[in-house]
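In what follows, structures are represented as structure tokens.
What follows is chain A paired twice: with chain B in the first complex and chain C in the second.
Right after this comes the complex of A and B.
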């Protein structure tokens, strides 16, 4: 894989997605949508492996989030077409060797923005304590015997840590509203998301069948 | 002014010491000892490898496994054959002294000298703090190439005694590689699982827990070596497999014991190995042949550079994070040879290999060159080339949450794309692990503990200990963030901090009581034997009291104080007391504690029934220890399902790690009391941390 020519429909995407990969994704899209032109939320239920995923809800939600679909409006779309599907997939393309500093920075910000939208469920531009708690609860949702208290405490602790990273010293009267996108960027500084957040498309033949 | 240790890596200095010692012994007229191969392979090498395997950073290792395997297997094979072949050519052309050395002997020599040595790599790379990727690539390669070395060595050694080498022999040799490597790994995995299973039942005999880890690992190594399988791979596999389960089962103290013992043994081994190398150089019979030695050295370097270049070009096609030329240079330069090569050469039989002395001389020359020249220059080169160094990031709970989130997200995306990739299989393995394996191998409730919670508890523990060791709150520098739960969740009830105003003589009374109790306990401690460690009634009482203390946590103070507390401030007399303070055995909580004021503060939760407390609660608080833990626990702990069994000094048991109480006790105790003898001096300074 590497930079190659791109098909017309992928004017939005960087050249890193090849035409084979687009074909593969198109086949997959047709499978999911059962040969319709658009996909709805219910279509994602047909993927068996997705059931085990604790943050399943958030992932499906992310596909329909208008902010991710680069539309100016807000809120959730009811259905998405193939172009939207590809747009979402483009957030997971791997890094290219010949990117310069600015491109790299934009690349990184894009991916982090996608993640930020997943955390920020009420679309207000901040991750509040309640939303963060929600995230941790979902992560731990695979363990039914666990108390909610534990998830809450972890979220609280993480939030306080985030506050101390982003704001530093806070007096007893100041209130930390929530994690904004800039703070979010600061938190992720240690993790090189450009290399971690990608999906490889090496095996174009292995298409999982929904049943 | 750079000191000697900044320029010269430790391994070089040790070899020089060995040379001096050897020279001294020889000068006196005695025969200096030589590093015998069985001592090396049986006693000196395993601790180092076990240390490396047990603490192997698994995530980067598995992420780069393909690259590491290619370097280890293909790279070593290339080196061996290239070098062997070229040396054969040199021997043919080298005149009468070298003509009689056959192709097989040269190939054997090539296979001995071509393996990158883990001991040397560890010794040098640990000091230069290079970034994780490069470190794991070179180090992983040095570990995994053992299989190749073992196979080639035995193969050529046997072939040398054959009259004819047929194609069948070669094919069998090729197959034996798989047997050796996979067999070694299998042996290691089996012993690792047995060790994990054993550790499940050791809750009553905590004292010998570390022994199981060491014994089973060593057994894995010996069993593998017995069958001529790769002992190093067995050892690594055993360490990697047993670690997550053993760590979940054993007590905190056993964990510390294992860590320090392994570091100690591996340090000692490493030192001895290098010193012996020096001594053996002086002691051994040498046969110096200019052509042979110089061409060996030259071709070794060329082979390494070419191998790395070609393989990286190939590997980069499949890697997401490509290896830059700088990386390649470091990988090539980091191919150090060491004592394994020497020992293998020493094992050669004189009968079949008359030129053994020449081989040994050449091996020693290459070792000296790589360790001295390459070892010394790699640090300035790393600085010169501005290679990325290791980032000292503290693992934070945020990072853990994000990493897990990302993992799940990527698995989900892969499932949606219908692509069974890396993440999919990893997720499947994790689920299998959680569902079946953990239930078998981890004792009790911990088997169901999700990774996030386990991580969080571990972090809490670590930071609580750091906090206690730094002498309590008084020592925390003012640079610490004052973010509290109020700052992020302002709807909580206003905290009513009630600091009881004690009268002077009441304070004095309290101090006197605590002092006398502490003295008494100390006397009792001196006469303990290992059986009382098992059933200590005070420990149980202490645990019970701590459970009660659960309600009285001061959440935000604990969190913000130790989220940024610096590590290891060891300077005051409170240190030794602090160490006792962290030992639950040292306290006798029952007597006269009615007078002890309990400062209970409501944790950040509006619905807590046990709201803010005052002095009125205290008689209930300490004197009558309730037989069962409270039902509704607030705070960062899970429901305590099993009351702490006698002999659990397991600080992992939820509820016992109550650092605020420790802190509170300490604060009272840090007032001048009777001078305790400095029983515990400086803590262990772990190597390389």
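Right after this comes the complex of A and C.
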């Protein structure tokens, strides 16, 4: 009763994830989907731990974002199956000791792309000032002490810094359109994100299967 | 005609055996050692099965027992939020914060601490029950044969035996307490009521093939006190009343439970509340306080979690029980899941199928620790006191402590709790000087 069509996905995940861990994830999937074959956005409401997360909306959204699901079309999917679930999970796999330069680089790009999609909510390939402000507001949401103004100033400051890194000195009438993915990569150069953006599985070996 | 007579003979022998070997010793409080012999055989069989599984798998079983905190499948990075955000090079509010929350979000999606606690604990080794067969696969013919024998023994021999015992136990409880209830209030009545309660509890424990180890009996709850314990299943009450008499607290039910409640309250001052009364917290507290104030009354038994948890952790204790005053006697109950899973997953099974599962398990084995009494300190409020008691119970029973409300089994997180978290995060941001 294993996950169907898991061959291509395990290629994405292996060798970091064993078949036992996939089984665990499958059980978790069934729990979330309440034994259905697909998960919808509403199914994520049943996770108490997630309630506290200020960017909960964006995280859930990321699961249904077709760009993350490596699908050709754009927009949002209504529901995802287990294979899609694993695809999204693969963005958070930890780095392995035996990876070479090229693999590491690809890895890093994938994770940053995932993050980029989280910011770029209108899917136009650029993070505009407004989109950045939205994210900051969400992160600060629910706090009565911080006013909207503070959120805006934080966002504006950050965008300015991004602009200076990516475009250099701007003339007074130049308008910074928005952060593209290349700019995004530039901003994160030299900063180690791989160890911050992963979920590592514990080695839980139950009784082995009999071959 | 002959057949009927033969069946009658067998029936009579059966009942006589049950009465003689089980009911009578229960009444007298002695043990004939039948349970011990059964447990010894059972343990030997399970050890043999484990060895078979080991040799079949060609791999050693995970040796170290799982620490309570490692109950999950992912490694949680417990770095507090402040430290982590400081570690990232840019101290100002940047994309950095999003990493933290992204990861936390994913961890929660892969596995959350709360939902875990409402499904049965996983075993490290198969105990020959199909229901725990999730991780284990076909190994050998001999093992399967033993399993089949196990099924026959459990369903054809143990189940009818246990059912008979349970029936006897419940009937004698109802009849006994009704009879004792007719007597005028006196010390004789109290004594007889205790005898009846204890006997019926013992019969019921034998009906579940229960093996209970009581520790620190010198700390047993005294009269006029309140006994609190962690809750795993409806049989928790029977486990505790097997060793002492308590005044139960609970809601009035209909059906068989209601009959038992009505009968027992005549003999012994249990506190049964109507459903409407339960909603009025002050009324409940008042009645319990009156009960506790009377030092001649039996200690009350309360399960402050409010719902059944799967015995790997202790969830939030509702503060109501700790506002009553008086001395609290904490008790930790830990079941051994190897012999039978006592956890009642009320959203998955109803009470009848739950009892059926219990009665077709091998046995119920558990440890009960009586902890030294605790009293609320001057500068403590009810919530802090509740947490203190909870820590003591969790530590003794080897359970983890979770700050979550057991009510999360069915309901969503309270908004007040959510706001607390958000406030914490925002406070931290402002402190870091990221504003302006």
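As a convention for this text, the second predicted complex is superposed on the first by the 187 of 211 C-alpha atoms of A that agree within 3 Å, B and C clash if a C-alpha of one lies under 4 Å from a C-alpha of the other, contacts with A are read in each partner's own complex, and residues count from 1 in each chain.
We take it that a residue touches a chain if its C-beta (ideal position, glycine included) is under 8 Å from a C-beta of that chain, and two chains touch if they have at least 3 such contacts.
Treat the numbers as computed from the prediction; the structure is a model and nothing was measured.
Bringing the complexes onto one copy of chain A puts chain B in a clash with chain C.
By the document's definition of touching, of the two partners only chain B reaches A:95; chain C does not.
Once the two complexes are overlaid on the shared chain, A:129 sits against chain B while remaining clear of chain C. In the superposed model, A:45 makes contact with chain C only, not with chain B. Shared-chain residue A:160: touches chain B; no touch with chain C. Touching more residues of chain A than its counterpart among chain B and chain C is B. Using the contact criterion defined above for the overlaid structures, shared-chain residue A:59 touches chain B and also reaches chain C.
Clashing C-alpha atoms with chain B appear in a single stretch of chain C, chosen from 2-10, 92-100 or 236-244: 92-100. Shared contact residues of chain A, touching chain B in one structure and chain C in the other: 24-25, 28, 31-32, 44, 47, 49-50, 52-56, 59, 89, 92, 115, 118, 135-136, 139-140, 142-143, 145-146, 150, 153-154, 157-158, 187-188, 191, 193, 196-202, 206-208. Across the complex, chain C meets chain A through its residues 53, 56-59, 61-62, 70, 72-75, 84, 88-89, 92-95, 97-115, 122, 124-126, 135-139, 404, 408, 412-413, 418-419, 421-423, 425-427, 429-430, 434-436.
Chain A makes touch with chain B in their complex at residues 24-25, 28, 31-32, 44, 47, 49-50, 52-56, 59, 89, 92, 94-95, 97, 115, 118, 129, 135-136, 139-140, 142-143, 145-147, 149-150, 153-154, 156-165, 167-172, 174-176, 187-188, 190-191, 193, 195-203, 206-208.
Per the touch definition, chain A reaches chain C in the complex via residues 21, 24-25, 28, 31-32, 44-56, 59, 89, 92, 115, 118, 135-136, 139-143, 145-146, 150, 153-154, 157-158, 187-188, 191, 193, 196-202, 204-210. By the touch rule above, chain B contacts chain A in their complex via residues 320-322, 391, 393, 396-399, 401-406, 408-424, 427, 431, 448, 450, 452-453, 456, 481-490, 555-556, 559-560, 563-564, 604, 633-639.
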